[in-house]
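The structure under discussion is supplied below as structure tokens; questions concerning it will follow.
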Amino acid sequence: MHNLYRHCSQLFGINRSLTGSGVRETLNYIKHQHPDLKIISFQSGDKAFDWTIPDEWNIQDAYIECIETGKKVVDFKKNNLHVVSYSIPVNKHMSFKELDQYLHSIPDQPDAIPYISSYYSPRWGFCLSNNQRQELRANPDRKYSVHIDSTLQPGEMNIGELVIPGESEEEIVISTYICHPSMANNELSGPSVAIELAHWVKQLTKKKYTYRFLFLVETIGSIAYLSKNLKQMKKNVKAGFVLTCIGDEGDYSIVHSRQGNNYADRVAQYAIKEFTQQPSIYSFLERGSDERQYCAPGVDLPFCTISRTKFGEYPEYHTSLDNLSFISEEGLQGGYNFALLCLKLIEKNDYYISNTICEPQLGKRGLYPTLSTKKTKNIVRNMMDLIAYSDGKNDIIHIGEKAKITPSSILEELNKLLKANLLKKSAET
Amino acid sequence: MHNLYRHCSQLFGINRSLTGSGVRETLNYIKHQHPDLKIISFQSGDKAFDWTIPDEWNIQDAYIECIETGKKVVDFKKNNLHVVSYSIPVNKHMSFKELDQYLHSIPDQPDAIPYISSYYSPRWGFCLSNNQRQELRANPDRKYSVHIDSTLQPGEMNIGELVIPGESEEEIVISTYICHPSMANNELSGPSVAIELAHWVKQLTKKKYTYRFLFLVETIGSIAYLSKNLKQMKKNVKAGFVLTCIGDEGDYSIVHSRQGNNYADRVAQYAIKEFTQQPSIYSFLERGSDERQYCAPGVDLPFCTISRTKFGEYPEYHTSLDNLSFISEEGLQGGYNFALLCLKLIEKNDYYISNTICEPQLGKRGLYPTLSTKKTKNIVRNMMDLIAYSDGKNDIIHIGEKAKITPSSILEELNKLLKANLLKKSAET
Amino acid sequence: MHNLYRHCSQLFGINRSLTGSGVRETLNYIKHQHPDLKIISFQSGDKAFDWTIPDEWNIQDAYIECIETGKKVVDFKKNNLHVVSYSIPVNKHMSFKELDQYLHSIPDQPDAIPYISSYYSPRWGFCLSNNQRQELRANPDRKYSVHIDSTLQPGEMNIGELVIPGESEEEIVISTYICHPSMANNELSGPSVAIELAHWVKQLTKKKYTYRFLFLVETIGSIAYLSKNLKQMKKNVKAGFVLTCIGDEGDYSIVHSRQGNNYADRVAQYAIKEFTQQPSIYSFLERGSDERQYCAPGVDLPFCTISRTKFGEYPEYHTSLDNLSFISEEGLQGGYNFALLCLKLIEKNDYYISNTICEPQLGKRGLYPTLSTKKTKNIVRNMMDLIAYSDGKNDIIHIGEKAKITPSSILEELNKLLKANLLKKSAET
């Protein structure tokens, strides 16, 4: 089995949340892949900008048992989505009528168990499919034993950080999530793709940039990380990408930064054209992932989010239907390729300038047809456009966009022209 | 009866022109509403930039009487549009053939008496409906006694100015017309809405800006006023609005300045969205009111014109059909609300900046749902967008436009966030 | 016969190429029209930026004779397109099978002889219609005597330069080609129009600018010329136009510079509106003429290319079908008028500023109707727009574009306002 899918399937069953043993187990899996992964801890009660690190949540078991039949009608051990994340402990008998107030289901998606959390307000609850709930409703007079064996007490919040140094202190950041319980696209696809991208970076013989991979819990994780690293990141980050929902076979998507034209925005906007004629491009108004923090006022790092089908845009989102069948090897590979092309473009992108005044004589270098006919121009169009627009003011990405040259073609033409010594880097970089 | 409509109906019968007793009578009505109105006089012969204040025109009576029947076939006392404005006196017998050269009617609008003026060239004439004219043409051999009892002699041109001081010397200007004879939308709607806006301003307990209301004659009035006040206005005017044709039930319209993006342009362009999905937005190329002077080269004050159906865009324009039936209480109220929202937005608009780095923790302030589900984002979207775009570089108007939040919603959300101390004014204001 | 067409027909039969006697004969014809034309020579082997001036090519005769029938089946004397330009000498007997490798035809255009060249790689070849080739193929066993009596040896490359001094050292450049053999639109239309434009410039009593007309060979000619004159041209050139394919009755076209908004781009973009509602506007991505050199990185002169139907956009392009029937007097006149209007606009264009604050009183100058009706504004719209937008920041071209005034109308209105002393040149020029 293919690595990308294997990571997802091995991590799927673990019960993750903002904090707790599931997060640590997940980070340990990643550390097994990348022994240089550093696991960072924040203590409950620590301040992070406007926020406070919450208590650590752990859960051993949870179920609803019908007193009449003795059957567990809802069982956390079957699917960790069954419990509202951060549920406080409960151990009680109650009527269906009372219990029903603690149940969550989606009438429009009768087979789906919803993913619900209550991180910052003490409550408990169970999630179940609407079909299950209808079965319970069929016997309104039954009584139930309700049991959540959880703890919510001071502990820690964990984050994984993997830094791979390059020639420059300037950094490319890849940020993704480890806080979602058993869902696959959102979010095991992001960590899986990030693990493999880190392997790719490590095998590069020459790296222009330093790479920083972050395996965070959403919102509070990125906020906490930024609260310790903002100054450094503002100095060094050249581009950052949030990876999320990047393993299905649907769209290729970008969620842009507030300004919409930072370096990451531009790279992703160009790279995506390699994969689809109809990219799904979302403005910051449709944000919802950690670009919310990286691009917040006062932070404003050059990040954007890249995805296959964007969070919230597929019906399986935040339900038990976002499972290992929803993602695929092909879907993950596409997402990986998209992210990888962003990195490759960044490594090669620059402001180049032609080494000649006027067009160069390409024929003498074997780069131009020696017989001039009506069709000559089409044959060498991409190469000629790359030369003609290399004026030191347009970087490769701009030229590719302008001249409608695919990213892979422009990387190839660039290579050819650099070899022939026809372009040089401009001082404007 | 509703104030807005009452002002129009009380002023309708007065014969106004560039100068003369009708203008003064109109200003006295406004002074009755606002005793602090200052009535300014310019003397005939005074210079104002490239122009000269004309002689004062007054008219006692005017008619065309059929000598044969002894009947007045056209009578100024029935409708003051019957006389070409600024007609010189005449007292003559003449054949229909001769008379016909002095008549004005509109073949395409056979019921309408046109509004015609000849301020700067001495002539006389009568305006009548094409139907009336056809009746006269039916008896081509009749003779007529033609009588205009007018005077055109040195006197004064009058303008009303009402200044309501606020906390700052920066000013918001409302400019409208008092030079049109018996027409309702163009132009009693403007003065009527301006009178009521001034009442609203006066009752404000806190006014960020000083307000200046101008009741002018079109073109020569604003030119004369600018010739005395340009330097001061260039220093102080933050935004100005010309009100005209603002009492019918049709479109909501803006005529933009030459640049199209001054502060008044931006405010009006945003405010109009509260009232219609299909605003009528006109560029300066379609100007025709006093924005011609306020936005002329060398003046370039931050003005635009706001209207219901724009001058020239409704067939009743500049005819007797623009009467008290063409406007309505509802139409005037809509126009008033549009102008009022512009003022409210200006009073509240600012460059705000988030008090937190990264998103604030809204839950602990009771501003965010404590249970996180698929639908959470939609519920708090407007508030979150206002926070996320408050980076000190986007004012409230820009954010509202960008995030497609209605003006009334953004004012409400802003209030909530200011109360919670989540935003502060940026130094960039 | 009309001069524009006459120049084309007189020059049509001459065998032109990059170098050789045909080029000189063509330049001598132009010198006969303009005795002040300077003929410049570059020597074979001279360096010009990345290029080397090639040897001079001359040809006396060339044919393919069927040994069996003794008939010349392809004969350079009938059409100089029959020989691949820059063919090396050959004198050989060969089978049809061997000969066929040296033949060029266009299957899709069976009547057309293609125009093929091989300037920088020694080869020989014949071009013929596909119909002719099919006839030869019908007798595959015939043998042929193949004869090209050409020389390729050190000599010179010639260029014609005509400078007409004006009041300023700032220059307008017109550049066109003299390197194409017997084709009419591409390229005798350009030289013909340029000859007549130079006559027009000479008869001007007052010339704001100096004019430079260049009769070049394409690519190597402009590169060689730039290699000697770049510094001077960067200092002096205000706008330049490449004229090519400017004699047919099809489109009016522009090929813009890389930036697309230099002064020549703006002038041509505005002028073209006088001639068509649907101009064919091409970006630099669709370049193909000497704008490639004038607008290359490191050169970046303010040039664009103007044409009737653009090179490559008509099927007759680079074939024998681009002949004297493809162009016409009317087509050439349209191309001439387009180029001429560009020059007229440049001579008159400036940043003007109104001499009055607020609108001027036009009535007292006889420029405005004295009777004010609904229709007054339309009558004087262009004049009023020209005044209202003359704020010293918009030049005439910008105002014309903005207010949708045709170039000829704006030149007329400008004249009227300058006479009335209502506008003056702004210092911003």
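Per-chain numbering from 1; labels A, B and C assigned in written order.
One rule holds for everything that comes next: a contact is a pair of C-beta atoms (placed from the backbone, for glycine too) under 8 Å apart; a residue touches a chain by one contact, two chains touch by 3 or more.
Keep in mind that this is a model prediction, so the values were computed, not measured.
Judged by shared residue numbers over all numbers used at their interface, chain A and chain B contact each other through mostly different positions, with under half in common. Relative orientation of chain A and chain C, expressed as the C-alpha superposition rotation angle, is 120° to the nearest 5.
Centres computed as Cα averages put chain A at a distance of 54 Å from chain B. None of the residues of chain B touches two or more other chains.
Across the interface of their complex, chain A is touched by residues 353-354, 356-361, 363-364, 370-374, 377, 385, 387-392, 402-404 of chain B. Residues of chain B that touch chain C in their complex: 49-52, 84, 104, 114, 116-121, 123, 219, 222-223, 226-227, 230, 258, 284-285, 287-288, 292-293, 296-300, 312, 317-318.
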